[in-house]
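Two complexes come next, and they have one chain in common, chain A, joined by chain B in the first and chain C in the second.
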Partner chain A sequence: MRFAYEISHLLAGVMLVTSFALLYQQRIASVLMAFAAQSITLSLAVAWAAWSEHRPDLFITAAIAFTLKGVVIPVALHRTVTRLGVHREVEKVVGVGMALIVGLALSGLSQALVVKLAKAMPGLAREELALAMAIVLLGFLMMIVRRNAVTQIVGFMSMENGLILAATGARGMPLVVEVSVAFSVLIALFVFAVFVFRIRERFDTIDIEALDRMRGDRQ
Partner chain B sequence: MIGDLLVQLLAQGTQMFMVLLIAPLAVGVTRRVKARLTRRRGAPLLQGYRDLAKLLRKESVLAESASWLFRCAPYLIFALTWVAAALVPSFASGLMFNWAADVVALVALLGAARALLALAGMDVGTSFGGIGSSREMMIATLAEPAMMLIVLTLAIAAGTTRLAGVADFFIAEPLAVRVSLALSLAALVIVALAENARIPVDNPVTHLELTMVHEAMILEYSGRHLALVEAASMLKLTLYLSLLICLFAPFGMAPAAAGPVGWAIGLAAWTAKLLAGAALLGVWEVSTAKMRVFRLPDFVGIAFVFAFIAILLAYLSRGAAV
Partner chain C sequence: MIEAYQAVVLLPYAAALVLAALPGYRAGAVGNVLAAAATFAAGLWLLFDRRTIGNYAIVDEFNVVFVAINTLVGFTTALFSASYIGHEIETGRLSPGFLRFYHAMFQAMMGSMNLALVANNIGLMWVGLELATLITVVMVGLYRTPQAIEAAWKYFILASVGISLAFFGTILVYLAGQPVLGEGLPSMTWSLLQAAAVRMDPALLDLAFIFLLIGYGTKVGLAPLHAWLPDAHAEGPTPISAVLSGLLLNVALYALLRFKMVMAAQPAALDPGPIMVVMGLVSLIFAAFMLYQRRDIKRFFAYSSIEHMGLMVFAFGMGGPLANFAGLLHMAMHSLTKSSIFFAVGHVAQAKGTQRFADIRGLSVTHPRLSVVFALAVLAIAGLPPFGVFTSEFLILTTTFARAPWLALLPAFGLLVGFGALLLRLQDTIFGEPIGPAHRVDASSVPIVLHLLLVLGAGLYLPPVLVSWFQRAAELLG
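Coming up: the complex of A and B.
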């Protein structure tokens, strides 16, 4: 029991670290690599939960996470980036250091919240919840501090990773919901990708600051 | 009783002089590995000792504008670093002065040495010294809090900030997968790289770059002063290697009650691990490039982030285990 706990703690911790890696990386290719690493770690964490807690349905979740978010989406985004021919550096609203500090504050916040709110939960689930919440918040942060449309997609997907981790710990999410969430994320990817191409067509850049500039009549 | 005390004193003395003796060799190993990996023959392993001996024999040239601080600083830096290096438990955890080997004290000793070095760098008034000092302080302001967080993480796990106590705890504890420890290891490695002015933070072999940090500060030193500063930086490298070994790979270290035989085994294990660590450092330095100075806060900031996550996780898992 102790060992099972240590392993799932380790995997959730690695996911949090990759969340910070997403914030730290400056190149789109590295961001996509970090995202793939996070998704694969998520699938490992879910698979471990399935194996150690004898919940075979979670294996399907793990498989979905691995194939869709670990392989298909990063590869698709990578192709998109190469086809768009955008520059390799990611445009940022604030510096890396600032983003990391805010990220730390958010992880501390999620920890404090979970400790306060979920006193009755068993230890392991509470801990996974705290980590998952931190990952969700870091995904939010990533969408806020990065202006590049591709990295915004990555932030969104990373948020979803956090949600799945939380659902695994809370032993609640039925498979139907799981599958539909996975597909809606996939569809979101397509929508995003179409948008990215449209934005590029119109403004010759995927820096979303350009959308602000378009509202020309604002004084 | 007296004999016992004598043996204890001898063991502690051995540790003090072992770190001093092995420090140039460790640097030599790192340089040799780097040279070999870049297909050069490289200097002999004992070059560090020869350099120090040569510098000690040479005349020390002082700038006209140098104050007393410039002359005192090398001795103080050397003494502080040596005390710090001698405090880290190397081959046995039950030595006489181990009660003093507190990580917080260690950080304070190193901080004092760094402050002196930065002051000495600015003392003569050359621009290089000033640049070096200001950069050193920039790195230190990020590395030191990370170091303190690492210390606190270990203190949460082991229940003490005494190094010997932490080492004893990790020897006794069965091997467990602990993400907080892995993170603090990564953070401590980054801090060690930054503090020792190694690649990617600083390049230890250059004297000609505008981006140098450590070398810029000691540019004005010569003769015995330079020998002492160089010896202090070698000691610092040994200290950090020794600290990493003591905290994260303490196997082979003689437990508190061990006698001379245990000490001998511990000494052999420690020497082997230290030289292996120095060789690993060489491999690492060959395989990475130096970073831009403006990226350094991000890199050292990573250590802080890791240490923070580690302490968060340590706190969480403690709350969960209760």
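Coming up: the complex of A and C.
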């Protein structure tokens, strides 16, 4: 039991590290690489939980996370970015150093909050929740400090990775993991179908700044 | 045998499938109205049906009020949309194919909202609310103008963040419930969670509520999280603006109130009341001041929705039977009035071919009938007697005054500021010097008049049946 926890803990820790990696990348291609690494680690963590806790339905979640978020979406996004041929660099609202400091503070905060709060929970499950919460907050941070449409989507999907990790950690939560994966897939399809192409079609860029000029109030 | 609570969810979903397959936009519009009418009938049936608490569905005094308003406004919006949307085809803003998609999506959205309302499961409720939100995101981007895409993108990003945070909160509630109720379904069931909340870890519930408040609060449009709301209202088709303001905000508020009930059952946990009072007041006063700077008519009324949602959250935050009663009444009145305003705004925008205040002037000269209806709707939302909004606002202010006299000054101040902005805009649009084109208006004014009559009726005389319903619902809220 102890060993099983250590492994899932380790995997969750690796996911947190990739969350930080997402924040300091300079090129969109490497952002996508870091995201793929995070998703694959997530699928490993979920598969490990499925095996060690005898919850075979979680294998489906792991498989979906691996194929879609680990392979299909990063590859598709990468091809889109290459084809558009614009803005290969990550556009930042705040610098890398600042983003990392805030990220560290957020991780510390979630650790402190969860450890202090959840007395009712077993120690190691608590740690995992703290890690998941840190991943969610870092994804949130990425959506705030990066302004390009692709990096915002990646930030959002990284947030979702944290959510799936938390849902996996919540033992016996019915159907929720499946639902959340279904949602992230839906959202990803949605993004591709509606936005990336249409924003490109209208603005010749996927920079959100271009959108901001289109606000109805500034005419 | 099908139950009423199943009918309000399944009817719209079935209609969505049929409408997606139906060729011809006129048939689609008729089908949409018929389906919405059938759902409204089911909603009324639910109102008089017995109350049940099952594994997946809950029917109590609290949510039947929401379902009834939801299905009624859904029906009148379908009526309005049928007469309005033909114009969009003529002006070439929409193609018949998109209209088929629009009708199917409208029904799917109604079904999802009803699902969120009758679900006795925090996961199912989340799914319903999120589906409804994602559908409205697609609808907001329906015109595919740069502005519409910008609005949809902003809505999508903020709503997704809301979705994620609310989901994290849901997981935390499950984790709080799990040691008490055991693994699996019971720890996600509303009624059981509420009953067992006393034995749950208060600290974990606190953390969960913070996430839920931010997550669902984004959907309610509470002040620091409201940025998506004006754009989404301004750029989407007008019937969608009416449904957004009149219904979707309510469903999000409903979710928040359900979690408040769970929190209230655990005395050691944080009291959601003061937080909601503060957030409500900030939204109310902030939106009231923002009203003065708006140049777009739909954006203007979107800010007015933020103002009124703020007032409701304030009332529910105050708590107690009277404030809850007033909050629920205000919610019903605001839904009816604000959707009728958006219907009227749709007419105005068709008449003048623009949404800019600067180009909408002198309606009383060019469109006398429309100007009277529009003026009455705006006066109703401004809170003038004898309309029902006055009754509910008066109740909220007096009950606050009785309990915390100084606190009552703040919402009163916010409402006065908002009132000024409404009158200022009304003055120009109705009595200004007419400029610009004046097109004929084809859309039907029946839904507007119907809503205004209901609001007026509620203002003059609230039937005892209705009062006792609202009272029982308010008691459940605690």
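As a convention for this text, the second predicted complex is superposed on the first by the 197 of 219 C-alpha atoms of A that agree within 3 Å, B and C clash if a C-alpha of one lies under 4 Å from a C-alpha of the other, contacts with A are read in each partner's own complex, and residues count from 1 in each chain.
By our rule, contacts are C-beta pairs under 8 Å (C-beta built on N, C-alpha and C of every residue); 3 or more make two chains touch, one makes a residue touch a chain.
None of the values given here were measured: they were computed from a predicted structure.
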First (chain B), second (chain C), both or neither touched by A:S107: first
Which partner, chain B or chain C, touches more chain A residues: C
First (chain B), second (chain C), both or neither touched by A:M33: neither
Touching partner for A:V72 - first (chain B), second (chain C), both, neither: neither
First (chain B), second (chain C), both or neither touched by A:G97: first
Which superposed partner A:Q152 touches (first chain B, second chain C, both, neither): second
Which of chain B and chain C A:A4 touches, first, second, both or neither: neither
Interface residues, chain A side, partner chain B - complex: 3, 5-7, 9-10, 13-14, 16-17, 20, 24, 96-97, 100, 103-104, 107-108, 111, 115, 123-124, 126-127, 130-131
Contact set on chain A toward chain C in their complex: 113-114, 116-121, 129, 133, 136, 139-140, 143, 149, 152, 156, 159-160, 162-163, 166-167, 170-176, 179-180, 183, 186-187, 190-191, 194-195, 198-199, 202-203, 208, 211-212, 214-217, 219
Of chain C, residues touching chain A in the complex: 123, 127, 130, 134, 137-138, 141, 144, 146-147, 149-154, 156-157, 160-161, 163-165, 167-168, 170-171, 174-176, 178-179, 182-185, 187-188, 200-201, 203-204, 206-207, 230-231, 234-235, 294-296, 299, 355-356
Contact set on chain B toward chain A in their complex: 176-180, 182-183, 297-298, 301-302, 304-306, 308-309, 312-313, 315-317, 319-322
